[in-house]
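Okay, so subunit A shows up in both of these, paired with subunit B first and subunit C after.
After this line comes the complex of A and B, so read on.
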């Protein structure tokens, strides 16, 4: 009889379960919020790195180009040696066309705007995402 | 004995301590997120400044030798005839050192 009285009652068990569920729920909520924010931040950091990479790559190739064949606010075509090279934005990806064969250098939506401007004939201003830089054609022919 | 047993359980202090521990651990997670966000903003600002500094530098390179006479961004000094030393400084944040570029330019 005494042994029987030592166990849990149903109410106690229910209360314990309820408390455990509350603690687990709040814990998982905190953890999932953290993971979501963390993913968001790492995505932003990746986008930033890729935009910087695209900007550096394009400005390097413009600097080393011989001539600008065509420039518009959204695209540029260069001539380097015997090959032609152009950059534009297609299907939300940055497209690089070298001698007719095209290649995408970003994934979709990593770069949402690509802009070019030429304040003088041998200086190009490049805009990628929120970044902006310039390139001067050193070996202009 | 049974009276004693009924008294066993959590005291208010114990509950308060456990809740505050839980809160502290949750807060540390969110503090970490806040620090990461600040770091990201800092990095973005630095990248932007670096790119703009590069743009100004390219503008100097596009300028003919005789036209390099210094402005609010750079100072020039003729170190030997036909050779100029250009020191370019770009301040972007009052709490951080400015970006500095050195370059030489000949006639």
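After this line comes the complex of A and C, so read on.
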């Protein structure tokens, strides 16, 4: 009886399949890890830019304010000219209230904490996310 | 005389010469994947460390700016205010006697930023 030598045995096919699965699995693992880290860093960079924007905006408005009407660890109210201006964190978003009308200047969770402190009467320490700076009222009345 | 790469279907000469090629190919592919993985890991590590350095620098910069603001507020309240390194959580403010300069130092884990502000002439 003639024995057929063409084709592959079951063991050969299984080995090839196993090696192919190993190669594909490791390749996809490497790629998915890379993509995940890239997305994570991009998201953190975007959050950082927004936090910087909020910090600069609040500190600028504190510097230009005439008076601090109220300050608490989570909110501040300023008087600039005839207007009143407040900042606080509501529904995980930074809220800016000017003369009673409010607007949100961030999306949810872009700023995880907003804090204020006043170690002296014309100085405010502002904490926005991972940033912290100080601003003093130049035109205090 | 037959060339070495002659495909002798009857005796399967070329296939006989190629025995072990699959193993070498697999080793090559696995090594390539390993080096690719190492390269990607290095890229991830470099970009992450650059990002965290930049973040720390920015944090230190804003803390130093806060220190300068503290000094300005103190000088506005008392023009003769001096400080030999008043320390707070993350920043330090200095104004030497008879100096028209305020120095603010902000520091985080890996960064330290020094800003100087001139108060103007007498």
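Just so it is clear, the second predicted complex is superposed on the first by the 123 of 141 C-alpha atoms of A that agree within 3 Å, B and C clash if a C-alpha of one lies under 4 Å from a C-alpha of the other, contacts with A are read in each partner's own complex, and residues count from 1 in each chain.
By definition in this document, contacts are C-beta pairs under 8 Å (C-beta built on N, C-alpha and C of every residue); 3 or more make two chains touch, one makes a residue touch a chain.
Predicted model only: the values in this text are computed from it and were never measured.
Considered on the superposed subunit A, subunit B and subunit C are sterically incompatible, since they clash. With both structures placed on the common chain, the touch criterion links A:81 to neither subunit B nor subunit C. By the touch criterion defined above, A:73 lies against neither subunit B nor subunit C after alignment on the C-alpha atoms of chain A. Applying the stated contact rule after C-alpha superposition, one finds that A:130 touches each of subunit B and subunit C.
Look at A:19: by the touch rule set out above, it reaches subunit C but stays clear of subunit B. Shared interface residues of subunit A (contacting subunit B in one complex, subunit C in the other): 23, 26, 30-31, 34, 37-38, 41, 44-45, 48, 52, 55, 120, 122-123, 125, 130-136. Of all residues in subunit A, only 19, 23, 26-27, 30-31, 33-34, 37-38, 41, 44-45, 48, 52, 55, 119-120, 122-123, 125, 130-136 touch subunit C in the complex they form.
The residues of subunit B lying in touch with subunit A in their complex are 2, 22, 26, 29-30, 32-33, 36-37, 40, 43-44, 47-48, 51-52, 54-56, 58-59, 61-62. Listed in rising order, the residues of subunit A touching subunit B in the complex are 5, 23, 26, 30-31, 34, 37-38, 41, 44-45, 48, 52, 55, 59, 63, 120, 122-123, 125, 130-136, 138. Residues 26, 29-30, 33, 36-37, 40, 43-44, 47-48, 51, 55, 58-59, 62-63, 65-70, 72-74, 76-77, 90 of subunit C touch subunit A in their complex.
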